[in-house]
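Here is the structure we will look at.
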Amino acid sequence: MDGIHDLGGMEGFGPIPIEGGDADFADIEAWEQRMWALNSQMQVDGVTIDWFRHGIERMVPADYLSFAYFNKWCANYLMLLLDNGVISMEDVRRGTTGDRSAPAPAPTLGDVLATVRKSNRSFAVDQEQPPAFMPGEPVRTLAHIRSDHTRLPRYARGVEGTILTHHGSHLLPDEGAKGRHAGTHLYSVCFKATDLWGSDANPRDTVTLDLWEPYLVPA
Amino acid sequence: MDGIHDLGGMEGFGPIPIEGGDADFADIEAWEQRMWALNSQMQVDGVTIDWFRHGIERMVPADYLSFAYFNKWCANYLMLLLDNGVISMEDVRRGTTGDRSAPAPAPTLGDVLATVRKSNRSFAVDQEQPPAFMPGEPVRTLAHIRSDHTRLPRYARGVEGTILTHHGSHLLPDEGAKGRHAGTHLYSVCFKATDLWGSDANPRDTVTLDLWEPYLVPA
Amino acid sequence: MPSFDSEKAAELHRELHTHLPSDPALRVKTLESLAVERGLVSPDGLDAWIEAYSEHVGPKRGAQVVARSWTDPEFRQRLLADASQAIKEFGFEGSATGHLKAVENTETEHNLIVCTLCSCYPFSILGLSPAWYKSVEYRARAVREPRKVLAEFGVDLPDSVGVRVWDSTAELRYLVIPQRPAGTEDWNEDRLAAIVSRNSMIGTDRDLRAEAG
Amino acid sequence: MPSFDSEKAAELHRELHTHLPSDPALRVKTLESLAVERGLVSPDGLDAWIEAYSEHVGPKRGAQVVARSWTDPEFRQRLLADASQAIKEFGFEGSATGHLKAVENTETEHNLIVCTLCSCYPFSILGLSPAWYKSVEYRARAVREPRKVLAEFGVDLPDSVGVRVWDSTAELRYLVIPQRPAGTEDWNEDRLAAIVSRNSMIGTDRDLRAEAG
C-alpha cells in the first residue's frame, strides 16, 4: 500500500526533533510508559506482527502524521480489539465494558525479564526452493506492488541494486498481514544513493534494504 | 519536491467527502467566503502563482492533511506577507499591526465582475526553440526531479507515455517559484493506467497530464 | 518582494503552526485585520467579491456553454478547438480560464478532471470548486481508482467505457461536455442548461436526465 | 480472531478518530481500563514492565557489547558473524533481536540505522528507541539526506567517508559498532562501555571521546 506510513524520502519535514526526543525510558511521559507496558503484556488472539503493522498503516492519514508514536499504538490496539470483537465501539466511548472478567495474573519483574529473554523470536522458515539470487548479483525491484501490506518502500521501487547477503527464508509480511504463514528468501540489497535519489545524492553513499524474493527481478 | 501535497495515487484515504462537500459558494462557511474574497482582492508584491503554490507545499505536513482548504490559503497568505516583510510574526500573534495605513479602495460589484473578466491571463510565452516532441511520439518522464517546486507528480515519474497535444511554450513553474520568468514547451501527455499503476488498473483507462519539455526524455 | 526561499517559507509555516489558534475563522479574521490595516483589502470590497461569486460567477455559466454545444454544432466545434476563445461569446472569460480545454464524453469514453498537486479549477465558468474536489481523498484517488471514485458518486461505468482522467498539472483548465440526454430533442438552450449539473462538467456525474428539466 | 480485512481496519480507525478524545493520556487510560476488564493485562504487571525497561533493559546493554568487541577480537568476530548468538553470552537476547546484525564503522565508512516504514529497533539491547528515531522527520530524511541529518546531530562527515544507511524493512535489526577512540588503550571493559553513547549504536553519533569516561 502506498500509504502515509511510507515516509522514506518524503520531503518537506523540518529539523529532526532531537531536543526533547532524547529522553530515556525512565523519563518519558507516564502514558507513554504505560502504553509500552500494555504493548508488552497484552496478547490479542491471532494478531501477527504484520497485521499489527498494517493496522497502524490504516490509521487516518492526518492522525498518522500528527499523533505521538505511542498514541498510534493506542489507536491500533483499540482497532485490533474491536476487530477481534473483544470490545465494542460503545465500550470505547464509555471507557468501560461495564463488567469485569477474572483479572489477569501480574508478572513480577523477574517474570518480565525472563519473558524479554524468551522473546528473541526467529522469523526464519524452512524452504525447499533454492534462492533465485546470489550475493553480488544485480537485481531490480518491482515498479508496482500488488499487496495491501508490503515492505518494499515506494522510494525503492523499480530501482537496480546489488544482493549483499542472503538470509535464508523468512516469513513474508504481505502474507502475514492476511494471517497466512508463508516464507520466501530474504536478502539485504544495496542501492547506490544516486540510483535512488538522482544526481543530488553523494555517490559515496548507499542505502541497504532487507527485501524478499517476490519483490525482486533479475536486473 | 516530494512533498505531502503530491497526493496522486496515495492510498489509505477513505470515501470522498461528498456529503457536506457539495455546497454552493453562497452556502459555505462565512470564513471560507471571506478567505476566497481576500485571495481575490489581495495583491502581494512580486508573488508568482508558482511561489504561491510552493508556499502551500511548504506547510507543516500534518497541517496540510488536516486543514480545510481555505485554512491552508490563510496560512499561506500569512507566510507570504511575513516573507515580504509586510507584517511581522508579532503582528500575527497580536492580530493587529497596531497602526493603520490609508484604507484600500473598495471595488463595487461591477468592478469585481470586470476584474474577473480581465483575469483570463495567458501563461504562453514566445519561444525560439522548436518543440522537441510531436503529437503521437512516445516519451518517458524523468525518474528524478531536481527542483524545489515541480509539476511532475511522483506517480508519473520514470513512466512511458505518448504526446497528445503540443500547447506552445508556457511559463515553467520550477522557475516561476524562484521568481524567474522562463518558458518551455508544454505538452499533454497520455499515460496508460496500467503503466502508472500496474496490472490492477483497467487497461481501457488513461491519465493525461500537462507536462513541460524539461520533464520529458525520448522513450 | 518575496525571498523565493523554500526553506524560509517552511520555517515561517512552522512558526505560524506554533503561534496561531487552531480555529480557522479566527485565523482568517486575523489575516483580514492585518490586510485591512496594511491597505491591501477593504471590507466592502470583500463583500463585493462574495456577492460576485454567490450570485453571478458559478456553474450556471458552464451549463449554458454546454447547452449551446448541444444545440449549435458550429459552436461545439469552436469550443472543442479553443474553449478559452469560445466562452468569450458569453462574456465568461476570466479567472483560471486563460487556457481552457473542453473534452467530450461519448458512448465509449468518460472524462474526469482532477488536480492532484493542488486544486486547479476553471473558476470563471464553474465558480468555486466543491469541497470534495479539493479533498485529499479525491485528489489521491481520482487518478488511481477513478472507477471506484465514480461509483461513490453513483456513476457505475461498464468496462466498455474507458475513463480518461485529466490531471491539471499546468495552467490548462478542463471542462467536460457531458452527453445530451435522450428526450430533449425539442428543448431550448435555457431548458437544457437547467439539467447540466456542475458535477457532470467535472466528470463525477454522467447520465443527465431529461426529467430534471 | 482478526478479520485481516484492511478496509475494515481503516473504517474502525475512522470511527475511533471520530469518537475518541484527543488527549493521548486519556486514550491510553481507556485502553488500559478495557484491557484490564477483559483480563488481558494487570496494573501490577504493567508496573513490572515499566520497571524492567527503566532499570534493566536499556542502551547500557549495547554499550557493554560494543566495549567487549573493542577488547576481545574473537568476540568481535562472533558478533559480526552472528550478533543474535553473540549477545546471548551476556544474556541480552530478547525482543526484536532474534535476527541481529552488527555493522562496523571504519575510517572510510559510517553506518546509520533507520526504519522508514515503521520504527523497528533492537529493544533488548538498546531499550526503548528515542522519540526522534520514531519521528516522521527522521524516518523521511535519513535515507534521502543522511549527511544533513547527521549534521543536525553534530556529526560532520568529510566526503572521504561514505554513509551506509540501513533501512530495517524486515525482521533484521541493526547495531552499529562505533570506532574505539584513541587514548583508551588501557581502559577496561566497564570504563569503555561508559563512553559508548546510545546514538553511536544507531549511527547518529560518531566520534566517541575518551574524556567522557
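In this document, chain identifiers A, B, C and D correspond to the written order of the chains, with residue numbering beginning at 1 in each.
In this text, a contact is a pair of C-beta atoms (placed from the backbone, for glycine too) under 8 Å apart; a residue touches a chain by one contact, two chains touch by 3 or more.
A quick note: this is a predicted structure, and the numbers were derived from the prediction, not measured.
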Remotest chain, chain A as reference, centres from CA atoms: C
Where chain B and chain D are represented by their mean Cα positions, the distance between them in whole Å: 40
Intercentroid distance (Cα basis), chain D paired with chain C, Å: 49
Distance between chain centroids, defined by C-alpha means - chain B, chain C (Å): 14
Shared interface positions of chain A, touching two or more other chains: 1, 9-14, 58, 60-61, 65, 197
Residues of chain C engaged with two or more neighbouring chains: 10, 14, 136
Inter-chain touch pairs (all): A-B, A-C, A-D, B-C, B-D
List of chain A residues in touch with chain D within their complex: 1, 5-11, 13-18, 20-26, 28-31, 33-38, 40-49, 51, 53-56, 58-60, 63, 65, 67-71, 74-75, 77-84, 86-87, 89, 91-93, 95-97, 99-109, 111-113, 116-124, 148-149, 151-153, 155-156, 167, 170-171, 173, 177-179, 186, 188, 193, 196-197, 201-202, 204-212
Touching residues (chain side chain A, partner chain C) in the complex: 12, 14, 61
Interface residues, chain C side, partner chain B - complex: 1-6, 8-10, 12-17, 19-20, 24-25, 27-58, 84, 91, 93-99, 114, 116-119, 124, 127-128, 130-141, 143-144, 146-147, 149, 152-153, 159, 161-172
Residues of chain C that touch chain A when the two form their complex: 10-11, 14, 136
Sites on chain B touched by chain A in the complex: 1-4, 9-14, 57-58, 60-62, 65-66, 143-146, 158, 197-200
